[in-house]
Amino acid sequence: MRIRILVTGGTFDKEYDELTGRLFFKDTHVPEMLRRGRCLLDVTAETVMMVDSLDLDDEGRRQIVARAAGCAETAVVISHGTDTMVQTAHALAAAEIPGKTIVLTGAMVPYAFGSSDGLFNLGSALSFVQVLPPGVYVAMNGQQFRWDRVRKNTASGCFEAL
Amino acid sequence: MRIRILVTGGTFDKEYDELTGRLFFKDTHVPEMLRRGRCLLDVTAETVMMVDSLDLDDEGRRQIVARAAGCAETAVVISHGTDTMVQTAHALAAAEIPGKTIVLTGAMVPYAFGSSDGLFNLGSALSFVQVLPPGVYVAMNGQQFRWDRVRKNTASGCFEAL
Amino acid sequence: MRIRILVTGGTFDKEYDELTGRLFFKDTHVPEMLRRGRCLLDVTAETVMMVDSLDLDDEGRRQIVARAAGCAETAVVISHGTDTMVQTAHALAAAEIPGKTIVLTGAMVPYAFGSSDGLFNLGSALSFVQVLPPGVYVAMNGQQFRWDRVRKNTASGCFEAL
Amino acid sequence: MRIRILVTGGTFDKEYDELTGRLFFKDTHVPEMLRRGRCLLDVTAETVMMVDSLDLDDEGRRQIVARAAGCAETAVVISHGTDTMVQTAHALAAAEIPGKTIVLTGAMVPYAFGSSDGLFNLGSALSFVQVLPPGVYVAMNGQQFRWDRVRKNTASGCFEAL
């Protein structure tokens, strides 16, 4: 089984700019995370964009959907900011991509910082994508949700079932 | 779905003793790892033993099998040293525990050290255990293997399909 | 020799707020850093304020000077944001506090993030404060500068001699 | 001022071998530590040997003394295992190297593991070496000791004044 990881940015990949004291995007950490996880899956990681998901508009979502539909793999993991992850899941479901299992995941804390949940979530998403039937899912907090049965609780920062 | 994690030691939970310069076991890191992964699954972690899996004998394996069979949960993750993980998987399969999905996982580097694969593997094992049909599995390197279709390649340190 | 550490905030002590995605101050990390450095000096850490040094005004500087002058110790380390560290060093020098060695230090990356220079700088500042003659100094980048012979190069983020 | 760092191994530079589960030496971490500390001192790091200081014999100590005496710099930091650090300090003092400040330091936990005191100690040693008068010193636990006024307390792992 071949897996495609589509990188779109999000907290997952944010870094600290020591000159400005602000968070920014440079390169994705996904390849380093795969090495650290000693991942031996047949994975291709591809950076679609590097954005804060609050800045993601319809055109950006169209790009993500186009890559998820267009790539050769039937197992697709998408790293995504948590704020609008569910919205992008809806856009992917609306596109009715046949025969593909698509799992969105992200992080509450940047991987570059010591206490990130990113590595846990990546291990989780890569596992779910191998065994779940075709469809669009969100994998966060160790759980998986169908795209239409989940929301982010903005007060707690956690994803919960609808 | 309720999940039981049976902690048995292994590299996963080793720590560095700064007085002797040797690795040893103190408490398990699983609760801290679950917090860091912002895990919201209904998980109970239980320490069965804290041993290097090279030191695990038949009696030790009987204990692990007994807890996996005896606990109330039908989803069981076992943290285990990688050296004899496959052997314990065989012991679990031989016990023919009905209706339970049992996933063994571990780490190549202790979680207490910065570069561990443990968090990735825990995220992976907790995900597989939710969706795989009853049976005994090994989850390492992002992959899952049925107990009778896997071996550890001691030269590379990786698990591979038989 | 007794040493007083005056905590004033700065990048040193910033943390990541996973709900808002912004950096903020909670408690100082200095006690944890001293434990990690296995520091056995007779040190008392005291939080004077927790501010970004760009937000520090004359009244704030007066508070810092007052504590540096008023504490019983003759060796004083001040953790401080790097942006206006030199300005506070000038305020301390202007106060002409007799018989005290005062060393300001900080960090370019928060200690809570993996790649921080904070632990290196704290080890450096605590060492300089034990051996330098009375006066006001900045300790950054492994170096020490007298208060009137240093500036922060805002382009490189480094401190350099005047 | 130019500083020479002589790397001799010790806990400081130990790494975890994930195939054997044992600690071993590969390359020194000192250059990475200097980068992380944003160190701007004129430092040259040189690996003299990579050994556990318990394995260091008279011939090994002669090599260290020869490099400390022979290098062009008058400020020398030596990274060294803590177990026989004091013994090497005695050998250096016995050599009566004129006009040089020599500071030995080490770590209780390998730098490659998350919780190491190494970065703190390196910042400390590099600071002491700039300001202490010629002589041989041990810098550990934030403190500095003259070579003949210190011992390692093997029960606590700490260095203490004689």
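Per-chain numbering from 1; labels A, B, C and D assigned in written order.
Here is the rule we go by: contacts are C-beta pairs under 8 Å (C-beta built on N, C-alpha and C of every residue); 3 or more make two chains touch, one makes a residue touch a chain.
All values derive from a computational prediction rather than experimental measurement.
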Remotest chain, chain B as reference, centres from CA atoms: C
Centre distance in Å when chain A and chain D are each reduced to the mean of their C-alpha atoms: 45
Computed distance of Cα centres, chain D from chain C, in Å: 26
Intercentroid distance (Cα basis), chain C paired with chain A, Å: 39
Residues of chain C engaged with two or more neighbouring chains: 108, 114-115, 157
All chain pairs that touch each other: A-B, A-C, B-D, C-D
Touching residues (chain side chain A, partner chain B) in the complex: 33-34, 36-41, 43, 108, 115-117, 119-128, 130-132, 139-144, 157-159
List of chain C residues in touch with chain A within their complex: 11, 14, 16, 18-19, 21, 23, 52, 108-110, 112-115, 154-155, 157
